[in-house]
Structures are given as C-alpha cells and as structure tokens.
Amino acid sequence: MTPPPKDTPAQMQKQDESTGLSALVQSRNQRSIRDDGSFNIEQRGLPFVEPSDVYQELITMPWWKFNTIVLSSYALVNTLFAVLYYVIGLQHLTNIEGTTEWERFLDAFFFSAQSLTTVGYGRVAPVGIPASTLAAFESLLGLMGFALATGLIYGRFSKPKAKILHSKNMIMAPYQGGEALMFRIANGRKTQLVEAEVSVTLGKIRVEDGKEIRRYFQLDLERSKISLFPMAWTIVHPINDKSPLFQKTQHDFVREDIEVMVYIKAFDETFSDTVHHRISYKAEDLIWGARFVLPYEQQADGKTIHHLNKVGEFIRVELAASPKEEVQEVLRKS
Amino acid sequence: MTPPPKDTPAQMQKQDESTGLSALVQSRNQRSIRDDGSFNIEQRGLPFVEPSDVYQELITMPWWKFNTIVLSSYALVNTLFAVLYYVIGLQHLTNIEGTTEWERFLDAFFFSAQSLTTVGYGRVAPVGIPASTLAAFESLLGLMGFALATGLIYGRFSKPKAKILHSKNMIMAPYQGGEALMFRIANGRKTQLVEAEVSVTLGKIRVEDGKEIRRYFQLDLERSKISLFPMAWTIVHPINDKSPLFQKTQHDFVREDIEVMVYIKAFDETFSDTVHHRISYKAEDLIWGARFVLPYEQQADGKTIHHLNKVGEFIRVELAASPKEEVQEVLRKS
Amino acid sequence: MTPPPKDTPAQMQKQDESTGLSALVQSRNQRSIRDDGSFNIEQRGLPFVEPSDVYQELITMPWWKFNTIVLSSYALVNTLFAVLYYVIGLQHLTNIEGTTEWERFLDAFFFSAQSLTTVGYGRVAPVGIPASTLAAFESLLGLMGFALATGLIYGRFSKPKAKILHSKNMIMAPYQGGEALMFRIANGRKTQLVEAEVSVTLGKIRVEDGKEIRRYFQLDLERSKISLFPMAWTIVHPINDKSPLFQKTQHDFVREDIEVMVYIKAFDETFSDTVHHRISYKAEDLIWGARFVLPYEQQADGKTIHHLNKVGEFIRVELAASPKEEVQEVLRKS
Amino acid sequence: MTPPPKDTPAQMQKQDESTGLSALVQSRNQRSIRDDGSFNIEQRGLPFVEPSDVYQELITMPWWKFNTIVLSSYALVNTLFAVLYYVIGLQHLTNIEGTTEWERFLDAFFFSAQSLTTVGYGRVAPVGIPASTLAAFESLLGLMGFALATGLIYGRFSKPKAKILHSKNMIMAPYQGGEALMFRIANGRKTQLVEAEVSVTLGKIRVEDGKEIRRYFQLDLERSKISLFPMAWTIVHPINDKSPLFQKTQHDFVREDIEVMVYIKAFDETFSDTVHHRISYKAEDLIWGARFVLPYEQQADGKTIHHLNKVGEFIRVELAASPKEEVQEVLRKS
C-alpha cells in the first residue's frame, strides 16, 4: 500500500496534544473507541479488585445476567445455611417432616430461605442455642443482602444513560461551495437534553522519520455547542486549509487509516445529571458525496414529527470541487 | 392575512443557530414549547422501550397513578401466585380452612400476600417441596419488588423539581425612554435558588424566497444572570435597533406568529442540584403598554412580605414612542 | 439621627444589580439574611403544599422532631387499623386472649403492629376474607411506608451540609498602609473542601430624591477564590477609592445601616457535591481597629494544629490613617 | 545546614496566594499532604460531633470495621431488649423452653433478634401488653435500623472513589534541550475518566527577614488539562526562568525542603460524578536525571496493552545542561 502523503506545515501544527491520546499507538484497522464507547486499550496490572468495582459491574451488567446472579446467590446461600442447620442437627428445628434425608435437607433449605427473606412462617422454627444463633445471623445477613440489592436496583435505574443515536455513516457533503465532513446525532430517549457539546478528534497515521505513527487532531466544527437538543443535530466539519483533511481524497482516508472520534456531553434534565457518549467512525463508514435527508415531517395539524430512524438517511450527490480517486477496490480489500 | 414585513439587514444577522431549534418548522398557532416545558415535537422511531424508560415514567407520573399501579401489581402478582399454589394443590399449605373452592382460592391468595410482603404469619405455611419452592421464590421476588419500590419512592422525592412561577403575560413596558419586552418569574417553592440564569429565544415567521419559514433569535437581556433569587425577577429585553423586535407593532407579533421561549436554569441549594424550567409566550399573551406592580409589602415591624400570587400583576400604561396599530380584531380572530 | 452622607459618583456607579436583591426593601435593623442562611423575606401566596415540600421538610427537620413524627405515625396508623379489625370482628383473628374489651382492642393493635412491620409472629393471624384482606393491605402499606422511611433517612444523611465557621465579628484592620474590612471563615467539618469561592455584597441605605432607599454593592476582594480550603481563610476587602466604604467612619456604618452579606460556595470532596453558606454582618458586629490572631500552633514534633475555636479571635490595634469619630453612644442606642 | 539561597526577583513574584495554603507553616520533613490525600493539619476545637459526621465515618471506614460494627450493634441491641423482656417476665413470651435461667435469657435474646429482623417465626411470641408493646417498638426500631443500613451500604458503594495511580518518584528529565520536572499518573480503576485537570503547587522554605518561612507557588505545566484520560499521563513542568525551580540543584531541593503537591480532578463517566486526588512528592522522591519508560505494549493483533504497574518505571539518563552538586551525603543524613 502506498504510504500516506506528508502533511502540509499547517496540518502539522494542528496536532493536538490535549486529547490525552497522544501515546495511543493503535495499529491499522483497530478502532480507538469500541462500540460501547470504551477505549480499545487493555489495562493490565490493576492492583486488585475492590468491592466498588464488583458493585459497578453489578450495576452495568444486563438484566438477565443480574437476575441470574441474584437467583443463584440466593440458592447458594440457602444451600450453605441448610448444610449448617443439617450439621447442627435438624432436631433443633420444629416440624421437620421430611421422611428421607434429602427431604429433610430440603426442609432445612426452605427454613433457610424463610429466614433469609425474613418471611419466617414459623411452622419450622429454631429451638436451642446453636440453631437459634445461626438463624439470628442468617436473618441479619438477609437484611444486609437485601439492603445491598436495594442499592443495586436503585443504582441500575437512577444513573442516567444517554442513548445518543448517530448516523451509521459520516458523509463528505457539499457545503458553502466546498465540502464538509458531516455526521448526525439525535437523542434516542424521551428525556430532555440541554447544553449539548460535541468535540471531534481525528486520528490518522503519519510518516515521521520514516516511521508510521498515529497522530491526533482536534477538528474545528461549524458549531460545537447547542443550548437545546430536541431534534437531530448535524455536526459539520468544514474542509478548509486549516483542516487536517484539506485536499485529502477518499483514498487518503483509507491509506492514513483515519478514525474520527466523537465525544458528546449533554445535560439530561430528567435525571438532572450529565450524560456522555462516544462514537468512532472509520474510513469504511465514509460516504464520499452525499447529503443528509431532513428527518422531519409536518402533519396536517401543523405538528412536527421527528423520525428517529431516519437520522442517518442520506442521498448521493456529486462533489464538484473535491479531489477524486478510485478507491472502490481499496475499500474492498480492507 | 398580510405577510409579515421583511427584516432589516441587522435583524437578519441576529439569527441564532445555536439554539438547536433551527430546523423546527412549527406551523402558525403551534407552540414550540408545551405547558409542561417539553418540546412540541413528536418523536417517532424510538428503537424500543428500555427498563430505565419505564422507571423514569414511574418516577414522573402523578401519585394517584403510581399508587394505582402499585396496588394493582400487588393484586395481580398475588393472583398469579394463588393460581400456582392452587395448581400445586392446597393440601400443601397448612390450615386452609375455606369451605368453598372460591374461599380456598382466596386463602391461597392471602398466603401469597403474606409471602410477598414477608409478613409470613405462619398460620398458613407451605409443606412439601413444590409449595415451599414457590414460596421461597415468591418471598425473594417480594424483596426485590420492594427494593424497586424503595428506589422508586426515593426517586420520586429526591429529584429536585423547580416550580418557577411566571407572569401569565409578557408586557411591552416603558423602559428608559423607550420600551422593553418584560415578563416576571419567581421561585414557587420554599427552596433557595441561587445562580439563576435565563436565556430567551424568539421564534418568528419570516418570508425568505417567497416562502414562510420560522427562524429563531437569541434576545439580548438587560441582565441574564443573578447570583441570588429570593424574590421576583423581572426579565427585561430592551427594544433597540439591535433587537429583532425593533419597530415591530403589536400587529406584527400576531402576523409573524411570534413565540418567546424562555429557558431558566438555577441551582437549588436545598436539593444541591440544578433545576430547569421552560416557558413559552405567544402573541396572545402580550399586553401592549403595561407596567408590573411591585409584589412586595413592608409590614409595620419592618419585615418584607413577598406576594407570590402577585408576580404577574400589572397596570395599563401608555407607550409614548412606540408604533401603534389597531389589532383588537386580529387578536379576536386568532 | 443624621441622615447618611451622599455617596461620591464613583460609589454611585458601583451599585450592583446582579445580586438579585435590588428590590429588597428591608427597614433599618432588619437583617437581609437570617442566622440559618435563609433570606429574611416572608413568601406568601405559595399555590399549595406538594408532597416533595413535605418530604423536604422531613429531611431538614431536627432528629428529635423526625423521630417523634415516625413514632406517632406508627401509633396512629396502628390505632386506625386496630379500629378496623375491631369493627370487622376480633373472632376473625386467632388467639385473641384479652379478657376486657380494652385488652381485646390492644390485641388488635399489636396484631396491626406485627402486620405493619411485617414481623408477623403468627400467634395472632387473620382468618376469613375481610380480616385477611385488611392485613394484606396493611403489610403492603407497611412496606411502602418503610420504603419512604429508608429514603428519608438516607436523604437526611447523604445531602452534604457545610458547616462553615465564621468569625463573630468583621474587623476594620490595618492593611498595606491603609485599611481593609476583614472577616474569617473556616471549615467546621472533617470533610475536605476545595475550590472555595466567596462573594460579598454590601447593603446600605442611601438617600435618593430625599427618600431613604436600600442599595446593594458587590465588594472587591483581595482574593475571592482558593483552590484548597484546609485552614482558616481571611476574607479581605481593601478600602480604596473604588470601595463603597471609602472614607466611611464607624459612625457611617450605623447611620447607613450597613449589612455585609457573604455567600460562600465550595466543593465538598467527601460528599462529592457543592455546598453553600451565607453569613450576614451588621454594623454592631464591626470591630473598628483590630487584627486577627493566627489560629495555628506548631507542636514540638513539627505538626500544625488548627484551633477552630480561635477563628474569630482578634487583638485591638490602632488604625493610623482612617477617619475617626466617637460612636460609642450611637452603638449603645441601637 | 547551609541556609537555602535567596530567590531571584522573578521567583519572588511567582508566589501564589490562591492555593489556600499560605499560612501552612509545616516544619522541615513534614509533608503537607498525607498519603490518603488529606492535609497534614490537626483540626481542634470542632464544636461537636453531628449525626452526619458519624454517618460519614461509617461510609468511609474499611469493610471489616463496618461489618464488625453492624454485628456488634446487632448483638448489643438484642442483649438490651433481652434484658427488658427478662425484666417484664418471660411468662409473657410463648414457648420459652430453656431450663436454666441463662437458657431462658438466651431464648429472650433470640426472640429479640427475630423481632428486630422482622423474621418473626412466632414459635416464641409476645402475650400481654408490656411484652407486646416492647416487641412492637423493637420491630419498628429494626426497620429503621435497617433503613439506615440500606442507606449506608448504598452510600459506601455509590460514591465514586478515584484510584489515581502515580509514579512513586518525580524525575528531573531532559526536555526540549533543557530539563523538566515530571511525574506520571494513570487511572487505576476500570471507570472512564474524562476532562482531567491537574494543578501543581510547590511548597518550599525561603528566608525572609532572616526567618525561615514556607511559601507556596503554582507551577506552570506543559499541559494541565486533557479531555480524555484512558492512558498514563506524564505531567511536565518545564524548568525555565519563570519557574521557581530555575537553576536549583538537587541539593537545593533538600535544603529548601521542597514539596510538590498535586491536585487532580476528573469526571468519572461511570459514576457520573467528579473525582479528586492529591499527591505529595518530597525531595527524597526526586530522581535527578531519568526518563520515564513507555508503559505500553503492542500485541501481534494490533491491540494496545497498558501496563499499569509500569506507570512509574524510569531509566537513568544524564542531564547535560543542569547545575550539578554532590548531594548523596545530604540525602543520607535527612
């Protein structure tokens, strides 16, 4: 593959050290940002796992996984206590009526469940010091476990989760006689977002001293902040001589392994908290020569309908002034 | 109806793209902001409902609705479990004393309620593996449901809700020899608000290329931020040659379908959180020639009384220098 | 009393409209800010009480009051349910063994308590549809009430409460050859405060058009923000020709009914939240000619001790250059 | 020991009053900031302990301590209530079957535990007014205590705790033909940190009027803010003529008892909250002439590995232009 062209001095100067990514040395065809918005870096040597890391894990895992963990912990703890009651002797529990040992063990298991949940029917009840002590401890443990569950369930719900929809593609679109790199975002939840800010960082491979090195640049935007965000927002990076993308062809996007990293921050009024979102576009997500379609429709009664599933819809257009190059085969290879 | 007059070049320039509303194409007589502060846009194509959307719905619905949902869920879940106990066989529950099948079913229903709430009197208690397993699961479910309810009730209370009172009308008032557009807001709660900020956006219809199009403008304010907000605050937009309302008559407000959108943000010290509020005024809310009455009263003991129900009170005054026009009949029509 | 002197033009210009207090027309000898930091204004005409206002009240009331309300609500609810069980008929509760009607009523009362707290011993248990239905409802109510209590207790603890200690007096102290108005604050809790900001507003009576009117001014500070706040911070307003206190005597402080209002904001690292505090100093709190004593002590082992009870300690000093006047008798009168 | 050299006038001017530490008069060999990030000052004269201080203590203590307190409180409260039931008379509890007084007391103890946790088996149940009243009160107390525990456990988990890893040493490294003081930090948790800011304050002893006094200076940084913080960040203070460390030797670091205090602030996306961290470096932590090793490794599949345990790794290098001095023996003495 042809090495990427050298940048102009103006493009050299635009390099941005303040992104915190200067040392990120991803190889070609690796995204810096994963689909879930996390950085594509493996952290090793983390000292040790802390309780709050486990808690955080329990907060963010999917519901089916969380429920599975709750149910199996419940079964496990009850089994452990059932074993302990069995060891102490089931004659210390009233009304154990199982005829086989297995049924008697299950009676202990259910007594444990009744203690842990503090339902305590009392048909089976502890008698004597060892069983009573164990039951007293178990119901305290149950309360504490339940306190934990309350916090977990509250935590799972109460943290604001932005669902920023973004166009699947970024497009090179006609803009004020020239071109601009555009993509579009919208709020995918019913909450009200205000004071939305976006910052866009370009990562690309540059040859320095004969070595390929990945460099990062802040892209200037036509507008980087809006006070209200009720509708789709088209983010526009005009291609001019200050842009690190000036005079680049679609081919260059592939050759320089370009990645456009988007960082969105907004205030969620409903949750009264700040939400964040990151997107990564790569060369294969670029549509060279397109224009976004307006995702709005006005009803007969004058009401505006916003079609969220049309946020990324575009039509192909010709780009008059831009450098052209055949890149179809290149794209097919990568 | 006469089309609205063309704007001056200065007024053209004032158009503000940073409101995030540039594409909002509401037709005449539609407000951009509804009474509850949400945008008058219907979002369609939202991918799917998420648990946290349901949670959010449960947090924000009125209390009667929330309580109805809690009560009917309780009844429903107990009915479901009663059916299951009935299927397993009521001989596996102790002391089922109902004589008819319906009474026996109700006994199962009440046993279910006693398990779900973990009250577990124990007069009726499960015997045998199937009934005990079901009861063990039900009391866990009860605890989890209760954990959820705890979070919901906390969430319903702990999120700060601003209650910003605003004058029913905006007024065109005498101001420093000219006029100013004014409205008044006050804190309708006992909490202390500080660092209040207000931004006012004007939406109006303009004829561009022979087509009516709605445009948005940021209005300059005499003061847009106050550090303490213990009393009524009169928001003042002076009408000068930089204002998009310069030399407009009351008639123009109707013809241009003017909407004044207000966005208020303040820090609620009591809740230690930021609160938000939006207001929309339209042409029919405008009083042409008025002056707000001071809503304060000083008692004999020197104490200041702030009458919150007088925040919007005004008296009619003559506007000396402003352009006049008969609009009564126009207003009556709309 | 002599009317306060007219201000210089420079002093006139310094009037600050952005405090949000411009309309506050407190009479003489009334503080604008009460000791608890709230504004000395009575709000009337608040539309109606909302649940979240009651909640807020329950969060902020003292513990003895909160506990009294919890206990008496518990007694009240149990009494109500006891009456209902009594009306339904105590034959529908098992093991009611009281011999007098009063004892039988108390048995119903204790059964109610056992249902509400979901302890449900089961010696007394409901039999039949009406009693069982009531008990099922009561235990649900108990859980919901308890969910509420959990949120209330969490809310009472988890909101950060700043305890900013301040010197009882403000002092007029020697400063760089002239004078400065000073007072001192310190963090009265064990939490770490960072990014502390202070803003100081002066309220004073001025004669305008022959009428006494209260005006507000922002005071310039030697330093209004510190990044770390582990120790006492002396707030300094230098008296120069830009100060509204320039060439004022101690007598003027009384005549102009001066109030110095302090607004402190800091980030509490421990609670990860912003805390706020307000202080009001009046003429009678002013010490004319003093110097704060350093509240630190260095131990033999090199450790610094910060004596929080000495934050307001000062020694009397002579003010060389300041205008003097005999005000002792004036102070005694007011 | 030779007194530290006088500063140049430029260095004198750099003294920074806005750190809030100006009065901190630590003696030699005392750190201003302890290892846990708190200030090395003993606060005395704190008015009194408040409930929220106790709560805060319970939130921040280690888990083993918290669990010990929960368990011993449980035992203590049960003992107290057992004594009360014993005093009332155990004939008012059903099924007390202990044969000795000690066993009968333990039966009361276990009944108390069953009431406090609301498990209420009911084998032992209160009969009569005094025992029933006490039990009704105890189960309410249990619920309230449990509400408190729920909040505590939630509080222990939900507050974001930054774990910023930092290099054990600060190094004097070659930098752009001269030198720079450097140290390195990284995020030691799996959470995503954004908008990280760092501010560095230098504390050193200066001779003023023949007296040693500790002064504080803000150090200029090559970069003090990064928008994303997924990897190690090397903080760089270039040594130039505006630096208070200009032309200082390693010896001067010891003589002037230099302390470099670092304050880091970042937004934790996962917790949606701001986190803080403080570090203190002293002369003995300084490596004179070193260069940090890159803690990254690129795998064969192109993935970047970040070795968190190598954040502080460095190699020794020669410093060409810097003033040298033999300080080994000085370091050994202190």
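Think of it as A, B, C and D in the order they're written, each chain with its own count starting at 1.
Keep in mind that, in the parts below, contacts are C-beta pairs under 8 Å (C-beta built on N, C-alpha and C of every residue); 3 or more make two chains touch, one makes a residue touch a chain.
Everything numeric here is computed off the predicted structure, so don't read it as measured data.
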item	value
Self-contact between copies chain A and chain D, residue sets same or different by half	different
Listed chain pair B-D, B-C or A-C that repeats interface C-D [over half of contact pairs the same by residue number]	B-C
Equivalent-chain rotation between chain B and chain A, CA atoms, steps of 5 degrees	90
Centre distance in Å when chain A and chain D are each reduced to the mean of their C-alpha atoms	29
Separation of chain A from chain C, taking each centre as the mean of its C-alpha atoms, in whole Å	41
Of all residues in chain B, the ones touching two or more other chains	114, 118-122, 146, 150, 154
Residues of chain B touching chain C in the complex	63, 70-71, 74, 78, 97, 103, 106-107, 110, 113-114, 117-124, 146, 149-150, 152-154, 156-158, 161, 163, 165, 188-192, 194, 196, 223, 225-233, 267, 269-272, 294, 296, 298, 302-310
Residue numbers on chain C that touch chain B, as the complex places them	17-21, 23-30, 37-47, 50-53, 55-56, 60, 94, 114-115, 118-122, 125-127, 129, 132-133, 135-136, 139-140, 142-144, 146-148, 150-151, 154-155, 159-160, 199, 263, 273-276
Chain D residues touching chain B - in the complex, by the definition given at the top	118, 120-122, 150
